[in-house]
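The following blocks contain the structures, represented as structure tokens.
Here chain A shows up in two complexes: once beside chain B, once beside chain C.
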Partner chain A sequence: MAGAAAGPPSPLRSGPPAPPPVLEVDDLSVRFDTDDGVVRALDGVSLTIRSGETLGILGESGSGKTTLAFAILSLLPENAVVSGTVRFGETTVAGPEISGRAALRLPRRARRVLTAKLADIRWKGISMVFQGSMNAFNPVYTIERQIAEAFLLHTTLNRTEIHERVLETIRRAGLDPVVLRSYPHELSGGMKQRAVIAMALALRPRLVIADEPTTGLDVVIQARLIGELRELKRTALDSMIVISHDIGVVAQLADRVAVMYAGQILESGSVLEIYKSAANPYTKALIDSYPSLEGARHEVRGIPGAPPDPIAPSPGCPFAPRCGYAEAICRTTPPPSVEVEPGHWSACHFAREVRSGRRAASPAPEALAPVPPGRVAGPPILRGERLTKYFHLRGTFAGSLFGGAAAVPLVRAVDGIDIDLRAGEIFAVVGESGSGKTTLGKTLLRLLTPSGGTLAYRFPEASSPESPRIGAAGGGLTAVGDLRAGSRTFRAFRKDTQLIFQDPYDSLDPKMTVFDIVREPLLAYRMAADPDRVVTRVTEALAAVSLAPPQNFLDRYPHELSGGERQRVAAARALVLKPRILVADEPVSMLDVSLRIGFLNLLEKLRREFGMTILYVTHDIASARYLADRILVMYLGVGVESGPSQRILEEPLHPYTKALLQAVPVPTADWNPGRIEIVGEIGNAVDVPAGCRFARRCPYRQPKCAADPPPRQSSGWDHWYLCHFSPEELRSIRGSGEFSGSPASARPGP
Partner chain B sequence: MTAPGPDAGHLPGADRDRDVPLARALGTLVAVPVAVLVLLLALPVPFALAGVLDYTSVVPTILFMGGIVVLFVGAWWDFGARKYVATLLAHHLPFGETDLVLVHRRQFHLMLLYFALGSLYLATAFGIAALGGPSG
Partner chain C sequence: MNAYFFARKIGQIVSLILLMVVVLYAIFRLMPGNPAELFLISSRTRASTVELKALEAQLGLAGGKWNFHGFLIYFEDMLTFNFGYDYYYQATVWQLLSLALPYTLLLLGTAAVLSYVGGIPLGIVATWFRGKRTEGGIVTSALVLNAVPYFILAIVLYLYFVSYLKIAPVRAEFPWTDITSPSLANFATVVTDMALPLVTLVVIGAAAHLLTMRASMVSVLGEDFITTARAKGVPERSIMFRHAARNAMIPVSTRMALEFALLASGAIITEIIFSWPGIGHLIFQAILDLDYPLAEGALFLISLIVILAYGMLDFIHAWLDPRIQL
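Here is the complex of A and B:
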């Protein structure tokens, strides 16, 4: 881009010289030579980070964020061609003569000197928190050995001194030293991520690059980790780069933000400036794509289209094809970088107009159809009563061989859930990983056979199931929990209920075309006798999920589709049988931030247009609030609170729900969740307490909580929660000082 | 104190979740190669009676090859241990040094068991070949 990087007024150059720059990236471009052509990964990026500063880099997948991080660490692969420079202090760490392919052409002696110089800078000067904490560790080393490795390689300390430094490092990262003897698999996700951060901080580097530091973590752990990183920023970190696609995370951690798109910086400035008065349509669109609790019932629009092909970039603004307000000039001329306010730069032809609001960057949000509290969508269509699903790990062949005599683990994945899905509603099941949400969804569809309880389904009037109906109280519901698989009734039930899986990259067969994938259910149900009818059904299903025109997609393979398109194909496959119930199991968690909201809007459209009943399984309570009429909050296999989503948001009653809501990041720089009032992390569903499942983490716990199962308390409006105490009693416990909440600490989970 | 046992009574699917004892699992592991051995011994009998093949020269060769296969299965198969451990970790269940030692020990025992079964094949092969006497 001509904008953000090129030209004298570099967008991220701070105004008055304050502390000395730690890192200077000057007009950096990186291209990769591949068999398909030249991939332009970075295009004229310039930025400066000064001591004590945290820079957030925000953007979708493929925007060049991670390539920039690798360039800063001088870890670019051999097919990279670099122009521009990266200077760390006085040392050039990346440049046209020393990086990528050019490094191979250096004389041997020069290469050796360069390697030694870079090795000295890596980890000691610049360290990195890599994305995906599980992959950052060697699984056969203990945590202590891995952190000690940094000291062994980069210092001359002896073993005792190293041990002491490791202890100090691990305490600084908020971990109990007991974890040092653990192997990576023994730690929970949050603890592993803290250990990765500890490893990055081990040598007290001047600059830490955190690449998606909270991605893949549950919302409660994420909020706690953000708090800890903010504390580390204050006490132990000199300067930091936070790379993320999550606007909320970047807003919490960064002082300044650079918004990247197609390898260029489209906008940069202070966090407050960017969030309050964005001057670039892309930034505005990103912010608008973020479903927050505040704007929960307003329709949020995603960003249409996909990022440009890095092999064949367009001549003008890279965002122009997706920008709703682009004009002819945007498609032909690269936008200049404009300083709209001191220190606030935007690469847009209309930056000042966009910032001032004279030119609207996206249509104003429209309110979704209001959902009154306690809205009843229709009669129950699927009902589970005291529904349980246990997994006996020793019930398997290998389990009986290797399980040992003493322990007979029984996983209580779903334990006595009562659930009613009403015709035409969207019902959300919310909870952390390991709470049993997915198992509940699969059990409701009879993909897993329930271990106990009853499961009943209301067939449409026209069909005549063989199985007896549940008595008058069941209101025409047919028991499906004990149906023989393969029976006619079971097949009718299976046809009416479909599932969209979490990962669209795994759930589509890469060897099948879109047509074959969507047609497959019709073949399975022997509905493919008439080829013309099959084509019609498939194209109708593709059109229903907004893959238009459908004919363009029929012959394509999954690898030719974006993540959002793949998930739409998965939805079309579920819809082709015209099901009445759809279970969407975390359908957006693997999608890019700009695509998520588009898919959620699609689910809402399906409900409105086809009257479909949707069970939306998610760990993101903000998106549940955005989409669902009612919410069930699950914890370790049990439902702890349920009710209309608006009521849950406005008046959460269970301490766990309160913590979940408190932990949802708000994309503003001044957000402070306070202390997340639950301790530890979700345990396993084996060693569950006899009383309240949440007792071990509850800040309000009393002796009876661990011993007696809590009663279900109703607060009207179809809203109930599972607790020994009324809201007033919870408040009085807190006031009386019996409150047992402890500061967020990182001890091994229960 | 933990929650009482499951109430997995009245749905037929619950039967699948019942615990399979170690003896039964071991029995299955032994039964399969033994059944194959019996089959390999019995199948050529009608052909031998019909004079199509020489039982004492053909069957030992087949059994010898079968024995090598059984030995290799014992040596290379993990008997499902890898998947079992992965399941434990996926469910956040405790899995420590003791459990790992138990898994290794059981794998070692199962390997010896399959070596014994392979040896049974080989011994049977040599026995039958010996009964046939030196061939021409």
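Here is the complex of A and C:
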């Protein structure tokens, strides 16, 4: 790896007529001494941020972006070894003598001076919006107390003055002052994130670091927050660093982008330059990893392999093992940083060739051209009619005593869904968190017993379950909704249907080997009598999910695997029984961007090779669009629109679908989150409105929307939506938001 | 805070008390021996069947140890706090208990408070020194102390300070008036008498609290909001005591009630070893004598204290954690 002295020349120093630098990072390297060895978190990073500028840092997990943020805030843990410096204005906030382990060895007085100096810079000079805003606030204190703390620590204001300033801060972030008296758990995710941003801006610092500011929020709220941050950028912010794995978010907020990989900056330049003419294979591959909406069904390829092991770095380019352009030189010599355009740097041996496209990548092994949508449409294999799933909340004693059953709060997680899975299709259920999509997935598999409606499954011809068949409309379907859990028919159904969970870190037992994990379903169905047969089936399942060679994985434990590999093991466990239906519940949301497409392509491959029917549950309409043949959009327990994915994308009719599509941040200049007209947040499924569930947030709502449940309207073959307005009316208001009558005025959410 | 919660809580406490009364009835009668025989043996060499029958009738034991009618009387008496007349001490059980209870409450209460007050801050201090030798020392000694049973430590302390050094009293003998009319001399007597039993209880109790608190602190310090506080420039001391400690107290407070029950059992053993004139001492003697009324009354009272302490837990919890709604 490049030594500290031979590191790439500061690639982010931009042209001369620039305002003074706010922050200068000069050849910063950070190593952590751990029990397993030395982890190289940052390797020769240099960058400059000038006043009024927003720098985006794009990288996957393990790229060192959070370590960089911690170094800037001088929050590195004590086992860090630092070389290079970080200067904030005139002050050195990180350097070999003062950071990490070195700080422990400082003489007592020097340490006290340093601590005082840093305490003064923190929040007042540099503040931070933390990743995972859910936990950024201390749960036991009110929001007011926590924002006031910043003023108490860094100003000499008295109580009344502080209260005034806190009020002003919270108003500037677009929040109702009542949130000040709330505890963090009483706020919704979006409100909490706004409060976190308000707190970061409270002292009007010169630099704000936003680490994944919108990750974990629903797409509509994310879009709204991006809009608000852009507004704050104009009014209240001096300079900002936005850290994200999402190229859309970075592109929408940043002026310049630095792409990080394995602790190094591989490319940097203006947003447009990077997006339109990337000069680094990694950037190109990362951009290609996003299923985009406008790129229609272009071939999206993931990046093969996994991010490098930070403990055993290779001598050459860190990306070389996964790079489609790599030559021998890439594996032996660290790439030089090349300025391909003024202000656009790329650390690659072939930067110019990659940028101009003169060099073509060898095809990535996992690239897979998806089938055009809607080609496969067998007979229905699983059908839910008026399917409901309610959960009872435990109410108050007095309420249950005097109010009768009506007073017991009911969560209508799934409320009358009609769904038809056709054999061999990939069907996507899309919705925000709280829409009931996960409950629907589990109810369809009878992991939850439906509260009402019918659920029917078509058993394969060979088996002959002795159970009542539902009428002519059922067409060979067997009702499974109210089967006894122990019955033979039910076990046959259970065996045919499997589930992949969202979190590959929690869904695999850490004390079992891969072999044990994948074998377990065979044991459960007493199919493990012949040991050789078991090994064969486990190996086959691992091979089917492209874990090659399978023998290498059998004896490993989950913690030895990367996130992508774990999710493949989870898929193998689902596949070992050769199910006919697979429910994948947000299978890629915990995976790194470069691995997501690989897994989605795997699902496609399973469908193609085994004829499996897949229900893909997701909040990401873009990936649903990429993978699925048909889409169902859910909102508060009901389906609001359903149809072939092509049609949903090209002609969304329901206002909610439109908002979901608009809310996907894309790295183009004309994306405007302000166009999203829906207001508020999804709320909960306890007090559902009598009329249209979406009415409270709908920009087009009319009096009848709140009063009457909307009818289901059809718009051509296989495409329906739930709304009072006809397709023509909805088409006429597309985009403009104008409608004859009185459009609802935007108001803050409840 | 709502009616449902209160009704549920009170229901739990009441059913726990009823269950305890039943268990107390059974547990003494499961012990071998007949109280009337034992009583007569202690007074004379041999008792006739007639005498035995007469005594059983007199003591309310007619019809044998297990007797439903007797149980009903016992049940009613327990719930009306009528613990009966003790045939060994020739006094009502209430009189005996009211003499002993203040001593037990004094020892148990002081020990409970001191072990929380000592153990929890020490747990925070141990976290403060995490990764250093100081922490290793604190944690190791806490682990050792936590593993020592109360009676071992009590016996060791007794042998060393009472038998060998002879600087501590053989038994606590201060009259209760020393507490009710405090003076410097009285206070000194009380402290010398109480020192050893108190040290036994506090040291072991505090070690347990220290370990729980430290484990809890370490996990809280990994939370995002601690990083936020650091980035805000909050000094490390405030991070420990203001931001982390209160969150770390939530799991610790769950264990508080559990520890209190342990402490109560420890107090009984300690009282016996140091001849502390409290309820533990009474219980011990009553069990040896098969003295049903006294044993039942004393254990009833101790269990009641522990159950009510459990009941308090939810309120402590709700006060610590705003996410909990009573």
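Heads up, the rule we're going with is that the second predicted complex is superposed on the first by the 684 of 750 C-alpha atoms of A that agree within 3 Å, B and C clash if a C-alpha of one lies under 4 Å from a C-alpha of the other, contacts with A are read in each partner's own complex, and residues count from 1 in each chain.
Rule of thumb we're sticking to: a residue touches a chain if its C-beta (ideal position, glycine included) is under 8 Å from a C-beta of that chain, and two chains touch if they have at least 3 such contacts.
What you see is a predicted model, and the numbers here were worked out from it, not measured in a lab.
Visitor: For A:185, select first, second, both or neither according to whether it touches chain B, chain C, the two together, or no partner.
Guide: It touches chain B and chain C both.
Visitor: With both complexes overlaid on chain A, does A:128 touch chain B (first), chain C (second), both or neither?
Guide: The second partner, chain C, only.
Visitor: Who contacts more of chain A, chain B or chain C?
Guide: Comparing touch counts on chain A for chain B and chain C gives B.
Visitor: Touching A:482 in the superposition: chain B (first), chain C (second), both, neither?
Guide: A:482 contacts chain B only, not chain C.
Visitor: Quick one: is A:136 in contact with chain B, with chain C, with both, or with neither? Answer first, second, both or neither.
Guide: Once the two structures are laid over each other on A, A:136 reaches chain C alone.
Visitor: For A:73, using the defined touch cut-off, is the partner it touches chain B, chain C, both, or neither? Pick first, second, both or neither.
Guide: A:73 sits against chain C, while chain B stays out of touch.
Visitor: Go through the superposed model and pick first if A:119 touches only chain B, second if only chain C, both, or neither.
Guide: Second partner only, chain C.
Visitor: After overlaying the two complexes on chain A, where does the chain B footprint on chain A coincide with the chain C footprint?
Guide: Correct list for chain A: 185, 395-400.
Visitor: Where on chain C does chain A make contact in their complex?
Guide: Contacts found on chain C: 2-5, 7-8, 131, 223-225, 227-235, 243, 246-247, 320-323.
Visitor: In the complex of these two chains, what residues of chain A are touching chain C?
Guide: 73, 75, 78, 118-124, 127-128, 130-132, 135-140, 149-150, 153-154, 183, 185, 395-400
Visitor: Considering the complex alone, what residue numbers of chain A touch chain B?
Guide: Residues in contact with chain B: 185-186, 188, 388, 390-405, 408-412, 415, 434, 449-453, 481-482, 683-690, 706-707, 749.
Visitor: Which positions of chain B touch chain A when the two form their complex?
Guide: Interface residues on chain B, with respect to chain A: 1-14, 16-22, 24-26, 28, 79-81, 83-85, 87-89, 91-96, 99, 102-103, 106, 110.
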